[in-house]
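Going by the order they are written in, the chains are A, B, C and D; count residues from 1 in each one.
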């Protein structure tokens, strides 16, 4: 399946785009998203362990499943306030 | 000497006046002011241990001296805010 | 800005008074008259004040807070007279580079104001009766103001 | 009132949003852009946001704060885009009958907002260079966001 990952802030700058399309196995998890992102953009390697992911606008765990319909967000360390 | 004590809030209501004149010995202290106030207005007896006194708009200790020129305040428990 | 006023408090102007380009954390506390407390209705509060002494005390407390927490700004306005439910009797604003100092200083200032500044309030109940508010302990005994070592000299 | 805005924040309206006749303690925190931090000048901050998720997170945090501290009101406004020195990026207001709850809830909300809401800022320096702000530990290593048990689900 093809999933789309919304990229933000520092992660978006490193990836060079606001949303990245990734080809993943049908039973892929957030773990697989991390791996595929770093493979697609090696520039993300250092930041990736510090990024969290959201699925449908909620924080997700690394072993949560994603689908082609999921709204996936790559969330680098936040700094609001 | 004659001193004037400014009375506030509950203490003023009990004393029935905003300033009380007291005749005191020339070397009188705040302790003597307390005693003379209660003698002049027995209604103040219960509240008096909970009152502080000011001299010239600063909190005073019980053994601080007062003079005829002192601005003496009888300060019942405060409740601002 | 240190002020005793008989007029309604403009909270925005108290906050504006502590604004500073090197402040990151601006904190404003506004104490208002509660209508209901444990099922009892307060019609209004009536505040009175030993004004010149209250101003000196507030000046001292603001000075101490500013130097202890290295604040970029501090402001206090206390209203006296009648304060109906929902209206402000006290506004305290502080600013500092970081938020921990603002929160600590703000809490300290409000605590100290309530302990040492010569202001008194009466609660007016539904029968129009006024009741002086005294700090009381759990035995309903009036307690003294504060330990002498905590006194503020200005 | 929970809002992400591109416009300057009107702090007075955020405070007004938590006003309640049974509140005695109204607290407003306003986070502003500092011009100077340890001798380095910030020309401006630029905030961006994952807006629908940020709103959901803020809604969840406000709900949790309100029920944990039994607040009478809670309001949060976060500005995004360019925020010049002295201007507000964040306003948080809470109200409750007593001041301890307001101070605790206010500090908790600000801490949590800074930990979990997907908002990011860049510092723009005097050369016009933008630097993403990351929480770092004492070894200048980027640290993770927060422990998973602290996650907010809305």
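Keep this in mind: contacts are C-beta pairs under 8 Å (C-beta built on N, C-alpha and C of every residue); 3 or more make two chains touch, one makes a residue touch a chain.
Predicted, not measured: the structure shown is a model, and the values here were computed from it.
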Set of chains whose contacts include both subunit C and subunit B: none
Whole-Å gap between the CA centroids of subunit A and subunit B: 73
Intercentroid distance (Cα basis), subunit C paired with subunit A, Å: 50
Distance from subunit D to subunit A - Cα centre to Cα centre, in angstrom: 25
Multi-partner residues of subunit C (at least 2 other chains): 31, 110
Every chain pair in contact, whichever chains are involved: A-D, B-C, C-D
Subunit C contact footprint on subunit B (complex, rising order): 6, 8-10, 13, 47, 49-50, 52, 54, 57-59, 61, 73, 75-81
Subunit D-facing residues of subunit C, complex: 11-12, 15, 19-37, 85-86, 88, 97, 99, 102-103, 106-107, 110
For the subunit C and subunit B complex, residues of the former touching the latter: 31, 47-50, 52-54, 56, 78, 89-90, 110, 113-122, 132-135, 142-145, 148, 151-154
